[in-house]
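Report on one structure; see the data block that follows.
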Amino acid sequence: MSRVEIRFAGFGGQGIGLMGRLVGEAVSLLEEGKNSVMTQSYGPESRGGASSTDVVIDEGEIDYPKATELDYFVVLSEEAYQKYIPKLKEGGILFVEEDLVTLDENAKKAKKIFKIPATKIAETLGSRLYANIAMLGYVCANTTDIFSEEAMLTIMKEKIKARFVEKNLIAFQKGMEYKSDS
Amino acid sequence: MGQSLERRRKKPEWPAFVDLEKLKGPDSQVYIIKDRCKECEWCIIYCPEEILETGEEINAKGYRPPVLKEGKTFDDCAECHFCELICPEFAIYVKVLEESDAEDE
Amino acid sequence: MSKQKQKFLEVSTGEHFTTGNHAAAEGALAVGCKFFGGYPITPSSEIAEHMALRLPQLGGNFVQFEDEIASIIGILGASWGGVKSMTATSGPGYSLMVENIGLGMMTETPCVIINVQRGGPSTGLPTLVGQQDIMQTKWGAHGDFEPIVLCPNSVQECFELAIEAFNYAEKYRLPVTLLLDETLGHMSERLIIPDASKIGKVERKKPKDSPEEHLPYKPDDDLIPPMAVAGEGYRVMVTGLTHDERGYPDLNTKTQDKLVRRINDKIRLNKKDIIKVEEYMLDDAEFAIISFGSVARTAKGAVNRARKKGIKVGLLRLITIWPFPNERIEALAEQVKKIYVPEINYGQITREVERSVHGKTEVKGIFKLGGAIHNPQEILKEIEGDA
Amino acid sequence: MTEDQNQLLESEAHPLDGFLREGRIPHIFCPGCSLGSITNVLIEAINESGIDPKKVAVVSGIGCTGRIAGYLNFDSFHTTHGRSIPFAIGLSVTDPERKVIVISGDGDLFAIGGNHFIHAARRNANITVVCVNNFNYGMTGGQAGPTTYVGQFQTTAPYGSLEEPFNIPNLAASCGAVYVARYTALDVRRVKEAFSEAIAKNGFSFVEVLGSCPTTYGRRNQLAEGKKILEFFAEKTVLNHDADTRDVQIDKNSPIIVGKFVDIEDKPTLTDNLLALQRVSQAKKG
Amino acid sequence: MTEDQNQLLESEAHPLDGFLREGRIPHIFCPGCSLGSITNVLIEAINESGIDPKKVAVVSGIGCTGRIAGYLNFDSFHTTHGRSIPFAIGLSVTDPERKVIVISGDGDLFAIGGNHFIHAARRNANITVVCVNNFNYGMTGGQAGPTTYVGQFQTTAPYGSLEEPFNIPNLAASCGAVYVARYTALDVRRVKEAFSEAIAKNGFSFVEVLGSCPTTYGRRNQLAEGKKILEFFAEKTVLNHDADTRDVQIDKNSPIIVGKFVDIEDKPTLTDNLLALQRVSQAKKG
Amino acid sequence: MSKQKQKFLEVSTGEHFTTGNHAAAEGALAVGCKFFGGYPITPSSEIAEHMALRLPQLGGNFVQFEDEIASIIGILGASWGGVKSMTATSGPGYSLMVENIGLGMMTETPCVIINVQRGGPSTGLPTLVGQQDIMQTKWGAHGDFEPIVLCPNSVQECFELAIEAFNYAEKYRLPVTLLLDETLGHMSERLIIPDASKIGKVERKKPKDSPEEHLPYKPDDDLIPPMAVAGEGYRVMVTGLTHDERGYPDLNTKTQDKLVRRINDKIRLNKKDIIKVEEYMLDDAEFAIISFGSVARTAKGAVNRARKKGIKVGLLRLITIWPFPNERIEALAEQVKKIYVPEINYGQITREVERSVHGKTEVKGIFKLGGAIHNPQEILKEIEGDA
Amino acid sequence: MGQSLERRRKKPEWPAFVDLEKLKGPDSQVYIIKDRCKECEWCIIYCPEEILETGEEINAKGYRPPVLKEGKTFDDCAECHFCELICPEFAIYVKVLEESDAEDE
Amino acid sequence: MSRVEIRFAGFGGQGIGLMGRLVGEAVSLLEEGKNSVMTQSYGPESRGGASSTDVVIDEGEIDYPKATELDYFVVLSEEAYQKYIPKLKEGGILFVEEDLVTLDENAKKAKKIFKIPATKIAETLGSRLYANIAMLGYVCANTTDIFSEEAMLTIMKEKIKARFVEKNLIAFQKGMEYKSDS
């Protein structure tokens, strides 16, 4: 397996950074023989505006830590979609929060598009804040070269504050189980 | 926030105090620049006449700008301009119609 | 309580997935740093934040000073108070610190400054990467001194070189700068922290003579004077004025020559011990890249790609920036046809390489002026053009 | 017609847009941040002052608040962290007619910039200084600062801050400021009035505005939304123009005292003094 | 025997010589400069404090006064101009038992170093700060400074200074100093007493000593000899421990008010706070 | 009153016997400096003192700030207020100024800084000479910029180069450093001040377009943007952040590249106009001395003495230190057997000479570490050893 | 300086005030380290008993250290140590003889 | 004529700097074809201690501005004498304030020694402060290659504050006229 580039993007407050951190950590610490690097884009705005996190995974050393040609683009807001869709590589894979993103023709270059109403799913758990984890579950179920369910569950239990763990695990499960109509 | 309303109206030492008695001007119109709003709700909460509420519609940034409360009209506006002053996004303002303006329309 | 206390360990042994900033902070803690004085600035603030969290747990002190000037002089004070101390900042803060880095050099005070570089000049690009403060770490302050500056290129190395920075500081008695950059400071990757027993700690040399006989600035043969600190009864005398071996101000050319020569020579003459480089595929190289910091990662990528295409390129990665490894580079100049120096500035290390090669080979800087690190492709393209 | 209007009118432009630099709105401030409101009333105060806009210059340091100068369509200067005041002095004395307004954050003006503040007040530099005090360093992500009150949580005060903050109005008064007022950002009308008075003043006039920073202050202190911070202000504020500045320290539990605390007339300004030196020196030889 | 002694006894050594670094006397201070006298009583105060001399550290900045640290046979630090206080904080917090005394000039502490002073007072750093105020910059040849009073002549105030100086005791008090006193160098006995009290204090204690600088201050102000300056002090000084610090500003014509103005008990020091954070943080995880 | 006023002239035409410090101050006044912001420091204080005396007479303003940081930023403010402004300091003060010199570079603000060098590092030798801040004037601040630094070697030249420093500052829109040293600053010799009409004054380029059209950071072909200042109705927008032609912050690599490249290139590409050297007996030289500042006087003495002994030595005196005249030096390297670089530091200009010669000749630094200038004999001795 | 002497002795608020009443100790001796003196005259001017005066002799530095005034003896010394405290040159000091000391001599 | 080096030395307050400045200025501005450079030694002490001023005179450019081998040494204090006498060159000329300086064997290398009770002379004019100018008069009368009487008188009138000029001119005259016994 060679270099895989994933970008998570949305707006501030959706927990985009956490998605990247969990994935990066799961890969780095628990996936045998894989390295990962996570980077975040920092803007002048403290908060608000578009937020994005890249994870690059490779079996060898990761020379260039930034993502440039995205293999996967996981996007949870319209603004982020517009901003970053050009970076998705021809034949890359797109995950979208279907209620917050309107696809346009730029999406055509994707080999496959996975859609999920992650926010709504999260709201069934009492808070939109779980949307990111639901999305992660969905990504987990539909990819093979990023991270394993097992690794992610381990990391989530370790990294997420105790009182939020349970709900997040459920969100992840719901994401795993979600089947898109398309 | 209802309970602070009385104070807001009556006590000059209260922050954001507006002496409504003094504000008897000509008619006014309240304007909104929807895409600037970030839904802080300050105009809604601190309007002394409580004529605003959060709308349903979502703007380009994903926020819900204020709308007139059901049953309220510009006539209920006290022309205090508080919403205009406090709005951090330059999104809402009040235009006081001069006699001539009013006549024109 | 004492049982609880044991839960907080200086060395967070284990595998982590974390940023360069956190790794550097953990390195400092692992080697025994007990005082942090700092002032927040992007992209270094996470170091301060981590120290604010961790130091009190370890019985150390975190003071957020009113500015960077207070921070640097505060850590000098703490160092004379007998503890390992550090600060962290970025370009604008480093600029404010230079006067008192000079004081640290003149008074031979061990401490560590981390500079997480962003794009400059001035406020520039606060949240984006730069490598524009290389020369400043040597020439920022007035007067002559030889600094030690280290430059990691991975999260793991941020940890390791933070330890090394303290060790050099203690051994050679001077402020040492650890030069990160925004990319490295903010990116997360695997960090493996070894057992506490595996952390090589160097402590400052202490005087062996009595307070009555002791001359605080009388060097040993290695040109480094043993260091008594406040409270040990040695009644130390410390001044930024030109001083004699007693530490007394002595304002004349002779004392100046002796003192300033020594504080420079203690580093110049120990270059061998201090200079670290990584050599990659240089043995048969016809071209060489000289690089450092996060750009050195992509330079390595460029080497690999070039090799695949049959171009014989190697990489000399500078881990120690100052003192500058000019001898190694001069030797390299005799071997290769051309040296490429990709850096995120308008030609800083390139100048030093030019100086070092003495006209023996061509030197080409590949400059980005700030905001992003080079893509391996950009470096490769330059080499392909020549090969 | 207005009687039966049951919708707000939609618009594309705000009456103050002409005072804002073209293309710079939306600004970078977070939702629920009061910096926009403060900018708003600052513009109004300048506008209503009647000063020739050419003669107005706004100077900021670095920080979220420090970004304000850059939005204003006056001569505007975004300097370095902490250094707005001496820059403003250079600007101010080179044209005695110029009105220079400094607006910056509490960290900028009172942490790194504290010395310039006290000296400018001492010299009675002819400038207006506005400090937006949001109790923390917003721009850099929420570190504690010299206005962080005891018991407040910030990234560099993870166990709660224990250091006394400055009593800023008292510091200003102690150093000789001729005008000192403090209000909260909720109280925009009084903030505006204070700005107007400060701008009209000759000499070193100072206004502290307590601002809302939900993002880096609020979140760590159970006030994660702008409206919660304004409500917190509403509940804690006590208006007292006669307060002795020594009694207006902010702490977690006491009321926040606001008002116009100092208003002194006819103290020679730095500019007056420099002009006097010109007169004296020129008379001497003649 | 002493009754009929009609000559002073000659001696080679002074009882305090052991507290002075060997070979450093004569010091560099001018004839008629009070810095030697102040050094003298500082030594006496430290000596009489009963503190283990090992635990005493003296820190100075740059200036004539700044040279004092270097004469004292304690751990002594001659830092950079204006920076003695944060250096002292680093020294102080690393050993809660250590007594750190800062002694420096008015330019050093209140011009370039003003910010460190106000912040250290605010934090209640556990240090004693002594400022020798000679109304000008002695070391660099007599420029005006932030203590130069209105009407005073200095090399950079060739037409007489017009700027208000700081009211230093008031500044210290406003920022939270727990002990504030001012005396003139003539009043060595009270200076010594103030030093003793300040040293005994926990927290930020401050003593301003008005010193004589005949060379660069006196010469330009009709006080060209040390004795004239002391006489000037003798004539102008009024002792008033109860004075409100707001009323102790120095100007050319009013009396100079001296006394112990502030003496507060039991305010937590920076060191106390840092130790408390250690306790809190260690308790948290356990 | 207006008649009295006429007695105070900007240009003190006539013959004087005065110090380098006073001459530099008079030069500044002669070219129209109207604002001085400063903080005293030996050995530069006489400049401030002279300005305090003279400026009010000329309707200018002297402000003694609370420190050097306030001084430098204060003169930037005054420059944006529309007047020529300056400060003067020495090493420790210059160190404190570097952050805001960087701001001046980034915002392209004309002003002049005089650094009267003393021995360093740190407080060092406050009353004795040094030439140790050469590199600092280029590399002191973080980030990339190309400064202009001038270095006189006589009282007369202190006057003349002060004028030139202002002229460059105005022409190229940047802070210019005039680098004196204690010897020069404090020694007195003849100064001839010409008629006011003979003083060549350069004023900053003003915009020709209207405030509505004007883009404050849009350069002309010479890469220098015309400068509107406060109060002219242009509503200038000035920031130390990376900014576009409107002056708006624009934090990305593209704008950074454009801006930082330009502020460097406006100097790099105009090197010919900026670089001044004095050549003395170089035509037939087999050996060359490269020197600057007060040491260049004794270097000339050494040349004269050597010539008397039949040794063919010449002198290249650097009047402009930065941008560095590396091309002239490379050409010289092809001519001479060896280049000597006497300087009062541990090798600063020597490094630059080494870099410039590309191995084409031998370079030998003759270092004194501070406190005294070289005696011609000391330099001569070195050359004699080789000739 | 004569006129201030009264105040000096009597008024506790006067700087350099010494309450001579309280100073009834054993005998004392006044020592001078001549070559340190720089002739500031402070010990002379502010000695409450006015027992010192400027000497004739010039020391190595060119200054004239104080001497006992004609007719004064150590017995006139009030043992207030003021000269010792104020001397900026560490040149003059007072040694108070303890009972034993006194006896020894 | 070639390079001439003169050092004036004494203690702070004797107006040593003024001597150097007057001589330097007289030569530079009024002696046709001559250049002069004046330098002063600055110590860490603001005032007090030894004070010295060097004037170097030459017809050509003055390359090295410091005096190293003194042709003339004009000394007004013991301390200064002790400190600087080693710098007097073999065969140099020594001017001493005879009441303040005790000559020792170091003085032997001087070709000629001129002694004057300059302070006493000054005191006859009401102040020791004129000693420096009296000494200058004495130097003027006994040397040919430093400065002319005329030049010095011109410069003194220009540079000395009006109310002190007269006394200084008299002091200068007294110095000019003074004849040493030796």
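By written order: A, B, C, D, E, F, G and H. Residues from 1 in each chain.
Just so we're on the same page, a residue touches a chain if its C-beta (ideal position, glycine included) is under 8 Å from a C-beta of that chain, and two chains touch if they have at least 3 such contacts.
Keep in mind it's a predicted model, so treat the numbers as computed, not measured.
Least step count on the touch graph, chain F to chain G: 2. Interface comparison, E-G versus F-H: the higher number of contacting C-beta pairs is recorded for E-G. Chain G has its Cα centroid 81 Å from the Cα centroid of chain B.
Taking each chain's centre as the mean of its C-alpha atoms, chain B lies 25 Å from chain D.
As a whole-number value, the distance joining the C-alpha centres of chain D and chain G reads 58 Å.
Multi-chain contact residues of chain E, defined as those touching 2 or more other chains: 29, 31, 62, 78, 80, 111-112, 114-115, 119, 139, 141, 146, 158-159, 270, 277, 280-281. Within chain A, residues 43-44, 48 each touch two or more of the remaining chains.
Across the assembly, chain G contributes 38, 61 as residues in contact with two or more other chains. Residues 62, 78, 80-82, 111-112, 114, 137, 139-141, 143-146, 155-159 of chain D are the ones that touch chain C when the two sit in their complex.
Put simply, chain E touches chain C in their complex at residues 21, 23-24, 53-55, 57, 59, 62, 70, 73-80, 83, 85-95, 98, 115-116, 119, 270, 274, 277-278, 280-283, 285-286.
Within the complex formed with chain E, the residues of chain F that make contact are 39-42, 45, 48-49, 52-53, 56, 62, 64, 66-68, 92, 122-123. For chain F in complex with chain H, the residues that touch the partner chain are 15-17, 42-43, 126-128, 183, 186-190, 294, 297-298, 300-301, 304, 372-373, 375-376.
Taken in their complex, chain E has these residues touching chain G: 1-17, 20, 25-26, 29, 31-37, 39-41, 44, 183-184, 186-190, 192, 225-227, 230-231, 233-234, 237-240, 258.
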